[in-house]
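Across the two complexes that follow, subunit A remains constant while its partner is subunit B and subsequently subunit C.
Take a look at the complex of A and B:
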């Protein structure tokens, strides 16, 4: 393993970055396509965070929208009402959201919540956030929303620059993900997603890993949220609702493949294409999301990336055995459910 | 005083809604996030039949049965793969599948029937009862709910099928060993939960109106009640419903809707934090 060059495991990250960096060159004339592409980057970054949370540490956070919304509302309100400069405001908002993510995770870990309870608590948090934003009309304008023009770093005025900044965030998220997965921490995460009790027994601090991962994910998600607020020029609570953020992110991750490096990116691309097709039909998007979710979870739970990988491995298997360690983006077993079949006796609840 | 009565009746309606969800969860380890949509489906069918000139009783009965049938259909088709798994796997699979179903149904309803709403008007709006003015709608819903619960309790206590249901809630494997056809009983329970959800939708029609977009709200209300009330007993759910109904009505009256929602959700989260095991955590 050590014979590999130090940076070779970053090649897929770099490749993705370079490929996506070329997009604005092709669509320069069309602002609409660039907008969709920028949104795709955000979706992919959310999904990287959600992948860490749900894929690797089995924390079903149904409050991605809240974390992003905290970044967005936090940064906007700090500039508008507290007079902070935009960059500092974004930093503070991200710090707050990171704390929130870590806190939610900590509570879940401390109380020994299973997937279901974490899901319910975070869903409740999402609804509380919605009602809070709606209720605090004085600061947030309720459903009317806030026009963020002139309150941010000016992403709305420079779409191409915005694209590259968000691409940088995505690449950073992917790089951090890849670096973690290649290190001993990655091994620990694999162990604890397999069986938490066994991981704990072999000396892995499960609580610390879960909380740390939640904080990291929340940081990236809220940073994207804050940049979204600036880029979109307008924020309202419904933009950060479960239906608008969490469900698409869940679909993206399932489409692309859980516990893979590129799953979020591939998923976001496929999702964006599907979304562009159904968008003209208005309410039908919701229907499409639902059908997609069901269909994906029933027949396509492994995701595109795992599927491609398996095909590739089959091609290669005649020449060499499956590689382990750095450079292999995905778990050999991409199916989050099948690998738990042997640990039925365990009950973390 | 009439606020208290309204609150209690709202609680009864909540109970109708959430008992089904609690049953299904207790029985199959499945949290049915499409529960609210099942209710809305029944309500919409009743509304469509009413528009078509059918008598209200026929329309409502048809709606309730349609809700049951939809729940039965979901059980027979979508939840099959979930039942073949156990414990946490089953839970996650069912959670995502029903979440997807609820979105699909919600999208379909709001797209296809955006302007259909169920409203049931009674001939008189309010009557005087022991010096308190009570809306006839409240009386109707209260009567409907109490009768339903009476029948339900009798069914669970004295029929073989009812005993089988309680048996599975206690211990799925044990029930199987005793010769209970777990699969069929589970399907029946989903059908039952659908019927109850349909009734809750009709009750909503009595109060104000039932629109195609109310499924998510219903699901969340049922979820809140389920969490606060716990899963083991009908009484827990029942009491939680009444309590939350009261809190909801009085708080909406005094402090407004947003704060009420926040309070309800805060109660939920607090319950989970303080007594998670005693409330919803029953593990098959």
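Take a look at the complex of A and C:
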């Protein structure tokens, strides 16, 4: 580790990737479990994007489903109606969604929207998207949806390959996240999520960061959306609704821990397990999500990862105290530098 | 270095700064005095781009600043230290300083040495969180952070607020040292005595207009003038 200090901060990303790469080896017989695991990867990647948006730049984008749906519908329609090859179609769709994310962010920044107002506007965008897909029935088949078989790169036919491709996307998103947070941009993001005015007065171009982060997040989210369309074999507007995408992503991020690297992954795992438990209740799952979300906002804002970290630090500092004796006062909060991306900063509401 | 002409600034319907004209010569310290509500902070916020002036012009080194956002103003070399010392309390002293040097990361090391030389206390506390510092140390850090950006012009909004008299005197000694090193300073202050000890030229704001402008010595010498323009407010030192 000392020989390659540059890469040491990537170890958690690498470890996560390796651990998740082993999953298909254990569940080979069960297509169902692999499906759930693949969906977990997508959820985690959405949450990484949402973490950048909401956790780090305080942009409450309640249109994750729209961004994913733009990737999905964009890529499918470009192949089906414009005759593009699937890879090019995905690239174009991702570019469109990236532009959309940047545009929404830019509008919010220029008009000086607060957190909640961004939430309301993007929620409206989600409703518009639903109606747009229904209205363009001629192309989208409305609520009936589109069977995407043969229109994509063939993820539906090969689930194990699909798992690894989506894992690669997740690992890429985590690596980009970690790279940003380790650079001076990470410090700048921390500063602006603390206090935007102070950040601006330090010379940080808050507007540029917000728009840039929104574009980056939209890019990853829409890429996953496009791959989901192919993998799932079928798309319909309700698959990209607020209830289907945004609410779960919000829960995942809050469960796992905002402003942490692994929060989205841990949150996705916990969420997937909880989801499997409440699934038999049918329509009541929505109610369960709602109650869960309220509970999370009230008492568990910091998430599992932050909680575990604090616990670990307490264990470490107490063993240190035991070894060194009382002469050395251990820092109660642990090493402040290690808290850079996950300190209990001002909550972004 | 900085020229403000006929500046009008306000919030919504209310004009707070009403036709202010002032000049800050390079290498000098200039003070803006006045009671609460006279428009000092509003003036500063307009200078750094946090507020958009209604009319009038702001020239820095002969170039107009109108319409620039704060990050661009920082880039030009004007750095503002707000009265509320807007530090990042969760970050360490060193990280705060790193952020101060955000616009010019290459100069970080040399600036850090300079700042630690000026404020040795910060060097001791470099890995402590900014929120855990005392009021005086926080003020030092706020100024140090501003210095990290290699400012040509330092805007200080009531740097003495909340500091014990002894600390105020110490702070002004540091500012004097800075001025001698060539940093131009524009200062808003209620502690008239302290400000007059540092600044050569003084503007007194009253209800958004310049009520008095002249050499510090004329104010220092005349208690009548002080009473007329600054009312009951006084200060330490002098």
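Simple rule for what comes next: the second predicted complex is superposed on the first by the 313 of 349 C-alpha atoms of A that agree within 3 Å, B and C clash if a C-alpha of one lies under 4 Å from a C-alpha of the other, contacts with A are read in each partner's own complex, and residues count from 1 in each chain.
Operating definition for what follows: a contact is a pair of C-beta atoms (placed from the backbone, for glycine too) under 8 Å apart; a residue touches a chain by one contact, two chains touch by 3 or more.
These figures come from a predicted structure and were not determined experimentally.
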| item | value |
| --- | --- |
| Partner chain(s) touched by A:234 [first = subunit B, second = subunit C, both, neither] | neither |
| First, second, both or neither for A:131, with subunit B first and subunit C second | first |
| Partner chain(s) touched by A:243 [first = subunit B, second = subunit C, both, neither] | first |
| First, second, both or neither for A:32, with subunit B first and subunit C second | neither |
| Partner chain in contact with A:298 - subunit B first, subunit C second, else both or neither | first |
| Partner chain(s) touched by A:107 [first = subunit B, second = subunit C, both, neither] | first |
| Partner chain in contact with A:289 - subunit B first, subunit C second, else both or neither | first |
| Which partner reaches more residues of subunit A (counting touched residues only), subunit B or subunit C | B |
| Partner chain in contact with A:117 - subunit B first, subunit C second, else both or neither | first |
| Common interface residues of subunit A - those touching subunit B in one complex and subunit C in the other | 336-337, 340, 344 |
| Of subunit A, residues touching subunit B in the complex | 60, 107, 111-117, 119-121, 123-125, 127-128, 131-132, 134-135, 243, 247, 250, 281-295, 297-298, 336-337, 340-341, 344, 347-349 |
| Complex contact set, residues of subunit C against subunit A | 48, 50, 69-71, 74-75, 79-80, 82, 86-92, 95, 98-100, 102-103, 105, 127-129, 145, 149 |
| Complex contact set, residues of subunit A against subunit C | 184, 187-188, 190-191, 194-195, 197-207, 333, 336-337, 339-340, 343-346 |
| Residue numbers on subunit B that touch subunit A, as the complex places them | 31, 78, 81, 85-89, 91-93, 95-97, 99-108, 110-111, 114, 220, 223-224, 227, 256, 258-259, 261-262, 265-266, 268-269, 272-273, 276-277, 280-281, 283 |
